[in-house]
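Each structure below is given as C-alpha cells.
Each of the two complexes below includes chain A, the first together with chain B, the second together with chain C.
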Partner chain A sequence: MRHYRIALAGNPNTGKSTLFNELTGLRQHTGNWPGKTVLHAEGSFSYQGNSYTLIDLPGTYSLFSNSADEEVARDYIIFEKPDATIVVLDATSLERNMNLALQVLEMTEQVIICINLMDEARKIGIQIDEKKIASRLGVPVIKMAARNGEGIDLLLKTLHQLVTGKISPQPLTIQYSKEIEEKIDELIPHIQNLIGNSYPTRWIALRLLDGDESFVQLLKEKYSKGKLQFNPIRFPSKHAN
Partner chain B sequence: MVADSKGAFPLCDAQIGDSVRITQLCIEGAMRLRLLDLGFIPGAIIKVLQKSPLGDPMAFRVSQTTIALRKEESSQILVEKLGDE
Partner chain C sequence: MVDSIEKLIQYSQSLRKPNIRDEIVTQIYQTTRSICQDSVIYPKTETNRSEKLDQILTSPIWGFPIMFAMLGVVIYLTIWGANVPSEALANLFGIGENYLTAAFQALGAPSWLHGLLVLGLYRGTSWVVSVMLPPMAIFFPMFALLENFGYLPRVAFNMDRLFKSSGAHGKQALTMAMGFGCNAAAIISTRIIESPRERMLAILTNNFVPCNGRWPTLILLASLFMAAGFATGVQSIVTTLVVMGIVLLGIMVTLLVSWILSKTALKGIPTRYTLELPPYRQPKFLNTIFRATVDKSLFVLKRAIIVAAPAGLITWILANIMIGEQSILQHITLFLDPFGKALGLDGFILMAFILGLPANEIVMPILLMGYLATGAMTEVDNMVELKKIFVDHGWTWLTALNMMLFSLLHYPCGTTIFTIYKETKSVKWTILSAVIPTAIAITVTFITAHVVRGLGLV
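And now, the complex of A and B:
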C-alpha cells in the first residue's frame, strides 16, 4: 500500500470543495496554512489499496501570487510537489478557467483536468469535446458533475493510473515569442546549476523574466534556511553577498 | 482618458444594459494581470449590469460571472459599442 498526496486547484466557484467533500467525506482536517490567514483543508481517502491525502488549495484565478491565496497555491505545487494536481474547471466558463489550467501545466506534468459543472453546462447548451481538449493539452481531461457523483469513478481510475505511472502526461509547452524563448534557453542552464532539476526550470525562468521579485525572495529564503540544496556554482549576475 | 480614434471610450462611461467589446487595457503590472485573470481581455464582450448610486463602483457581466470594478480601474479599460464600427 502506497501513500500519495494530491493537490486540488481551481477557480473560485467551480465546485472544487464539492469534489473535495465527495472524495474525502468526513475524513477532513481544516486549519490555516502556516503563517497565513488562508484556509487549509486536507482530507483522505483510499482507492484500490492505496491511500491518498487530498489538499484543497485556495480557489484562485491565477498563480502569479497577486494575493496570499495565490501564493499558497503556487508554493504548494512548486515546493511541496504533490504526486498529482487536479485542476477543477467550470464547464460554463472554460475560457477564463483555462488560464489557471495552463499555468498549472507549466508548473508540473502530473496533472488531471476536471471539467466540472457539466450539468449546468448542458442546461445552457454547451457541449464539450474532452478528448480533443485532452489531446491538445497533453493531459487527461474528465468531464464531471461532482454534486451528482458523475465522473468521480473515472477520476479515481485516472488518478490511480497517473500516480502509479501507468500514464505519463506530456503537457503542452506554451511557446512564447522568439525573444522570450531565447532568454529562457539562456537562463535554464544557470537555474539547473543552482538548484538542479528538482523544480520546474522553465517555469522558474519565466518568473525571473517576469521580474517576479516575491518569488526570487522566496527562493533566497528557502536557500538560506537550507531547504533548497543549491549547487556551489555562483550565479553570474550576482555581485553582492 | 484619451479616446481611441475608432470611437473607443472608457468602460466607466458605458450605460446600464450596454454590451461593449474591450479594445485595450491601459493598465500595467499586477492590476493588469488581475483584470486579465478575471476575463477583462481585449476582444472580450462585457455587459454593464448595475451602477452604484454615485456611479462607482459598477457591476459587469464577464464570461458568466458578475464582477464589480471601481472607476479607478474601469476608466482605464477602453471599449467600443457593439454593432457600430
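And now, the complex of A and C:
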C-alpha cells in the first residue's frame, strides 16, 4: 500500500468543493494555511489498496501572485510537489477556466483535467470533445458532473494509473514569442546549475522574467535555507531526458 | 558566472522588459482559445450574443464614446424627468405650509414656535424631499437597470487601462461607479481590491465622483446658472453637458490624484487581476425599478430627512438668536466671508458646507435657509424665485460654478469619513482622506475665481 498526495485546483464556483466532498466524504478536516488567513481543507480516501490525501487548494482564476489565495495554491504545487494535481474546470465556461489548467501544466506534468458541471453544459447545449482537448493538452481529460457522481469512477481509475506511472503525460508547452523563448533558454541552464531539475525550470525562468517579486523573494528564502537543493527529486523534469 | 541565487535574480532582471507578463498572459489566453475553438461547440445562445455585444461595448474605438453617451443619457433623463415632479412637489409643500401657518395662527401659537417648526423644520425637510426625491427616483432605477444588464463590469474593463497607467487597480473603476450612488457604500466596496496599497488609493480618491447627495446640487446650479441663457428646449441638454463636464473633471482628478499618490506616498506597481465579464442579461424591469426605488431612493431619502430636519432646526436657531445687532449665523458668515470671497464663494456657502458635514444632501437647504433667514421670508415655489434668492445675494455664474467645483472636490461627508476610519483603522489616512480633497477644492476654486475675475469674465 502506498500513500499519495493529490492537490485539487480550480476557478471559484466550479464545483471543486462538491468533488472534494464526493471523494473524501466525512474524512476531512479544515484549518488555515500556515501563516495565511486562507482556508485549508484536507481529506482522505483510499482506492485499490492505496491511500490518498486530497488537498483542496483555494479557488483562483490564475496562479500568478495576485492574492494570498493564488500564492497558497502556487506554492503548494511548486514546493510541496503533490503526486498529482486535479484541475476542475466549469464546462459552461470552459475557455475562461482553461487558462488556469494551462498555468498548472507549466508547473507540473502530473495533471488530470476534470471538466465538471457537464449536466448544466448539456442542458444549455454545449458539446465538448474531451478527447481532442486531451490530445492538445497531453494529459487525461475527464468529463464529469460531480454532484450526480458522474465521472467519479473514471477519475479514480485515471488517478490510480497516473500516480502508479501507467500513464505518462506529455503536457503541452506553451510557445511564447521568439524573444521570450530566447531569454528562457538563456536562463534555464543557470537555474538547473543552481537548483537542479527537481523544480519546473521553465516555469521558474518565466517568473524570473516577468518579475514576480513575491515568488522571487520566496525562491531566495528557500534557497538560502538550503531547502531547494536537498529536496527529494520527485518532479520528472521536461528537460531531464 | 551565475553561481548564486542573487546573481541569477540579477541576471534575470537584466533580461526583463516591461509588459512581459501581459505577453505571457496573452499567449496563454490565445492557446486556450485555439483549443476551445477546435473542441467545444456552443449553441447559438447568450454567450454568443454577449460576445458580439462586448465587441462593440468594450471595443477600443466605441467603448468610451458609448460610455459617455450612456452617462449623458442617464443624466439627461434625470434632469429632464425630474423638473416637473420637483415643481409639483414644491407647490404641494407650499400649499401645505400655508395651511400649517394658518393653523398655527388659529391656535395662537407664538411666532418663534411657528418659525422654528414651520419655517425651519418643515421648510428644510420639504425642500430636501422635493429637490431630491424626483432625481433619485429616476437616477437609481436607471443605474440599477444598467447594473443588472451587466454593463458595469464593462465600464471597469474599459477604464482598466486608465487606472492601471495611473498606478491604481482596475477594479477601482467599479468602486468609483459605486461612488456615484453613495461614497460610504463605495468605501466598503473597495474590499474587492486585495492589495492594501491600491485599496487605499481607491478609498482616498472615491470622493471625487459626486454621490446622490451632491447630484441635486450640481443639477440645480447647472440648470439655474449655466443653462439660463439658452432656449427652453435646449436647457436640459446644456445642463446635462455641464453636469457631465463636472463628472468627467471628477474622474480626471481621481486619476491624477491616484497617479501622484502612487508616485509618492503609495509607491508601487499595479497588481494584475482577472475581471469576469458575466453574460448580458435582460433585467427584470419592474422588479429592478421597484427595488431600486424602494431600497435606494427611500433609504437615502430617509437618511436625508433624519439629518436635514435637525439641521433645519439648528440653522433656524442660529439665524434667530441675536448677539448684539446680528444673529449668530450672521457672525459666522461675516467671519467666513473674506475667505469665501477669495474662493469665488461667500460666507454663507462655506457655512453651509461646514454645517453640511453630516450629509451632503443638506448643504443646499442650509444655504437657502441661511439666505432666507437674513432677508425677507420669500416662499420658494418655483425656480425663478429660487434663482432670485441667489442673485440677490450677489451670485454670478462664477459663484455657481465654484460651488459645483467645491461640492465635487471637498471633504467627504461624515458618514463616509467614519466608514473610512472603520475600513482603514488608521487615523492618519482618515485625516488625509479629508485633507487631500479639501486642499484640492480650495486650490481649484481659488484659481478659477482669480482667473475668471482676472480675465474680466464676470
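Note that in this section the second predicted complex is superposed on the first by the 229 of 241 C-alpha atoms of A that agree within 3 Å, B and C clash if a C-alpha of one lies under 4 Å from a C-alpha of the other, contacts with A are read in each partner's own complex, and residues count from 1 in each chain.
Here, a residue touches a chain if its C-beta (ideal position, glycine included) is under 8 Å from a C-beta of that chain, and two chains touch if they have at least 3 such contacts.
Just so you know, these numbers come straight off a predicted model, no measurement behind them.
Once chain A is used to superpose the two complexes, chain B occupies space that clashes with chain C.
In the superposition on chain A, A:137 makes contact with chain C only, not with chain B.
Look at A:8: by the touch rule set out above, it reaches neither chain B nor chain C. In the superposed model, A:86 makes contact with neither chain B nor chain C.
Within the superposed three-chain model, A:57 lies out of touch with both chain B and chain C [touch as defined at top].
The partner that reaches more residues of chain A, of the two candidates chain B and chain C, is C.
Of the two partner chains placed by the overlay, only chain C lies in contact with A:177; chain B stays clear of it. In the superposed model, A:95 makes contact with both chain B and chain C. Using the contact criterion defined above for the overlaid structures, shared-chain residue A:112 touches neither chain B nor chain C, since it reaches no partner. In the superposed model, A:219 makes contact with chain C only, not with chain B.
61-62, 64, 66, 95-96, 99 are the residues of chain A that lie in the contact sets of both chain B and chain C, per the superposition on chain A.
Those residues of chain A that touch chain B in the shared complex are 13, 61-62, 64, 66, 90, 92-93, 95-96, 99. Residues of chain B touching chain A in their complex: 30, 33-34, 36-39, 62-65. Residues 61-62, 64, 66-68, 94-96, 98-99, 101-103, 124-130, 132-133, 136-137, 172, 174-177, 180, 183, 186-187, 190-191, 193-194, 205-206, 208-212, 216, 219-220, 223-224 of chain A touch chain C in their complex.
Taken together, the chain C residues at the contact with chain A in this complex read 2-6, 8-9, 11-13, 15-16, 20-21, 23-25, 27-29, 31-33, 35-36, 38-43, 45, 194, 271-274, 276.
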